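This report refers to the structure that appears directly beneath it.
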Amino acid sequence: MNRKINVTIYNENYHEQTMPEVREIYPEGIHHAVAAALPEQQTGVVRFATLDDHESSLSQEALDDTDVLIWWGHAKHEAVSDAVVERCAQRVLHGMGLIVLHSGHASKLMRRLLGTETHLLRWREAGERARLWTVLPGHPIAQGLPETFVVPRDETYGEPFGIPQPDELVFLTWFQGGEVFRSGCTWQRGAGKIFYLQNGHETYPVYWQPEIRRILSNAVLWACPPERQVTPDRGPGNVPPLEPAD
Amino acid sequence: MNRKINVTIYNENYHEQTMPEVREIYPEGIHHAVAAALPEQQTGVVRFATLDDHESSLSQEALDDTDVLIWWGHAKHEAVSDAVVERCAQRVLHGMGLIVLHSGHASKLMRRLLGTETHLLRWREAGERARLWTVLPGHPIAQGLPETFVVPRDETYGEPFGIPQPDELVFLTWFQGGEVFRSGCTWQRGAGKIFYLQNGHETYPVYWQPEIRRILSNAVLWACPPERQVTPDRGPGNVPPLEPAD
Amino acid sequence: MNRKINVTIYNENYHEQTMPEVREIYPEGIHHAVAAALPEQQTGVVRFATLDDHESSLSQEALDDTDVLIWWGHAKHEAVSDAVVERCAQRVLHGMGLIVLHSGHASKLMRRLLGTETHLLRWREAGERARLWTVLPGHPIAQGLPETFVVPRDETYGEPFGIPQPDELVFLTWFQGGEVFRSGCTWQRGAGKIFYLQNGHETYPVYWQPEIRRILSNAVLWACPPERQVTPDRGPGNVPPLEPAD
Amino acid sequence: MNRKINVTIYNENYHEQTMPEVREIYPEGIHHAVAAALPEQQTGVVRFATLDDHESSLSQEALDDTDVLIWWGHAKHEAVSDAVVERCAQRVLHGMGLIVLHSGHASKLMRRLLGTETHLLRWREAGERARLWTVLPGHPIAQGLPETFVVPRDETYGEPFGIPQPDELVFLTWFQGGEVFRSGCTWQRGAGKIFYLQNGHETYPVYWQPEIRRILSNAVLWACPPERQVTPDRGPGNVPPLEPAD
């Protein structure tokens, strides 16, 4: 792929406004920390979207010019406009990559695209140690990562996680308190590739950790469609036969 | 499984009212032809639901007492209540089996559960010959069926079909006019099993054909959950650690 | 399914002869402990096979009369006859269920059927606590099991595990020492269903634990083919056309 | 990926020696026609291997320097050395891409890696029209291809095909005589990606057809591992705990 990858990063940007400890970790917001992890050489236009401006920053025009959308949301999923969710979902089905981070598992967009109760899981804010394991070593998203590495403190998520079985299970996480979690999962939906990564609670500097940044960078390269195709809507097709009847 | 399987059959029952040739094939409606194909020994309570009565016939109480829901719809998908669709979807996610027939691929319920543009496919009402092929010979839904058999006349459906990759591809169909179709597909969503069968246009007596009836009967046995479990809603769980911290 | 399930249990039966502490836990051998976990009502003929007698006890005749084969091996994989392995593999491909236990992941039979380096994983005999998690709650093999339960002491296995991605991931295990493992996996190969369960090191009484016994019982019911079919070998088929040429 | 892709093409090169009509279509052998379809810009070293020289041309050294191996065989599968097959299989498991063409479905290598009776299928040499359908439109191997296209004459293959369910089903083929076939399938095995393409009987000029050439080119780009990694053999790992015991 020779063209540059256009990335749009949505962050609800709420905790940064209301919790000083989050602002300390992410002074410019989680979206800017994520942006700093993008693959430098291959990244083209980077756009930001937050809850406050999402109706305009996630406009049809912006999405049509986006190859990969990254989504971080937590406390304000219900405040996201249904129309924007549907617009994003359609773009994924027509080829835009989607990377959903951490509590984004409960976002309207993830639930819309996967159809199951992706908000269901066990959780605990206890600053526990998380140990990620690479389950599918040859996968592009695992490239350059060790078999295992530690995230010193993160929110704990535990199974059972209400997702459809992933097409590919790339990472599993062990948590100090006894839980395991399918922490790195892929699905193809329509022409679009989806990757979910569990890590990144707002009160820990997870997105500054090199291994997590490598995963983000790898995932953007993986999720980018071969061509930026803005497929027009089409209804079911009533078509003539291709082959002659007897 | 010793208990009987309770089955609810939804048929929009519209063409039967408006097209004499359909009424001739299915004098009591498609739902009754489907009911006549259920596995006799194992079937318990059979309920019927049509568009006219679906808000009451697909009540929470009825669904809670249903093991497998069968869905046939075509011209009136949009007239189905969103609340009923959500009620059905939740029951599937909590274990109720779902069998979607023919044009039901474009139903709100199928789209809600699979998340993709399942209404997208090629089609043609040309009374072509369809030849089904068993792709996964050991599957319970294929039990007792030959490697291949002909449906003499049916509506033609063709790829690409806007579904997520099925968990299991059981049947493929060859059509006279040059199309192929993933005509028998399964997915697990939450605790529920879903089976889609392509066959059954209203103007041909497809549901009276023995092989198709065997598929319906097999599918009901396959889709039935081990226990009829009416799982209460639960939110994401905030839980204490199971293992001691260091 | 009304007929009874015929089960054959292979146990290499080596540690029982050489290690008093194993004989204390399994005085009649692991195979008899496993047999005692079979579903009472549905079980028909139970056959035993050990390394010493496996060429006769796993005869073609015995396998042809077997619905589900259970395999426990550890130290003596290479001593198993290639001909017997191929015989078993063919029966699985033609419909016999297969349940592979613990170190059986490195058996010739598992490697033959899955094609990957299934012997590769991390391991440690440290008597650590293992915590199993049900990842696919609606699956028949998980029926009646809690979301999580503890095996007080077992051998530790860790990812990356050299298996092809399972068709269904039913259980994950958390280990005290920091590992996670895909401990309950299914694959369909040919017409046969395969289930792998990680638990059961010979020096701990794992197969006497009620939850593990429930998994064994569930797995036998799940793996049993709908019909005991002894499919004759057939070569690729040179066949005439089914449809007329133009 | 900035480095060039090294490709090795195995062709048993038997029909070219014995059948003048094959030599007419492929004067330099099928391997050279395939080589001419490789992605020009991204291809590095191209190596050829035939049955006559395969023990040396598929040496460990050659394979260690290969990113993607392409395999065409038909009449002489059994003449391929078991040691070479195992060498190739190990390289695939450690990351080398593999593209298996046409009758290669029955090769020792395909059977070794997939574990099932991949030689089983229906077939007929009748010069029928084959119509390929793209089932997974967003897949890299389908890039630039139409929804459907015709191969004017090829050997007919039909289901049931004895493969494990593919990880991704990319193409389906409709045959004039009534068969359907899963003609473009992917699997990941170990760190390696495998693609099977049905087309290419030796008596028809299939590998000169632009759409088939595009598939070959796409498949090489898709199958190439992110890094050319020559992983040393390793046994199961006995490892100390990562986390402290209670």
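All chains are identified by letter, namely A, B, C and D, in their written order; residue positions are counted from 1 within each chain.
Note that in this section contacts are C-beta pairs under 8 Å (C-beta built on N, C-alpha and C of every residue); 3 or more make two chains touch, one makes a residue touch a chain.
What you are looking at is a predicted structure, and each value in this text was computed from that prediction instead of being measured.
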Of A-C and B-C, pair with higher C-beta contact tally: A-C
Of all other chains, the one whose Cα centre sits farthest from chain A: C
Where chain B and chain C are represented by their mean Cα positions, the distance between them in whole Å: 33
Centre distance in Å when chain A and chain C are each reduced to the mean of their C-alpha atoms: 37
Multi-chain contact residues (two or more partners), chain C: 131, 136-137, 148, 158, 165, 167-168, 176, 178-179, 188, 190, 242-243, 246
Residue ranges of chain A in contact with chain C within the complex: 131, 133-137, 147-148, 158-161, 165, 168-169, 172-175, 178-180, 182, 244, 246
Chain B-facing residues of chain A, complex: 89, 93, 106, 112-117, 119-124, 126, 128, 156, 158, 162, 164-165, 167, 176-179, 187-190, 234-243, 245-246
Chain C residues touching chain B - in the complex, by the definition given at the top: 95, 129, 131, 136-140, 143, 148, 167-168, 176, 188, 190-193, 225-227, 242-243
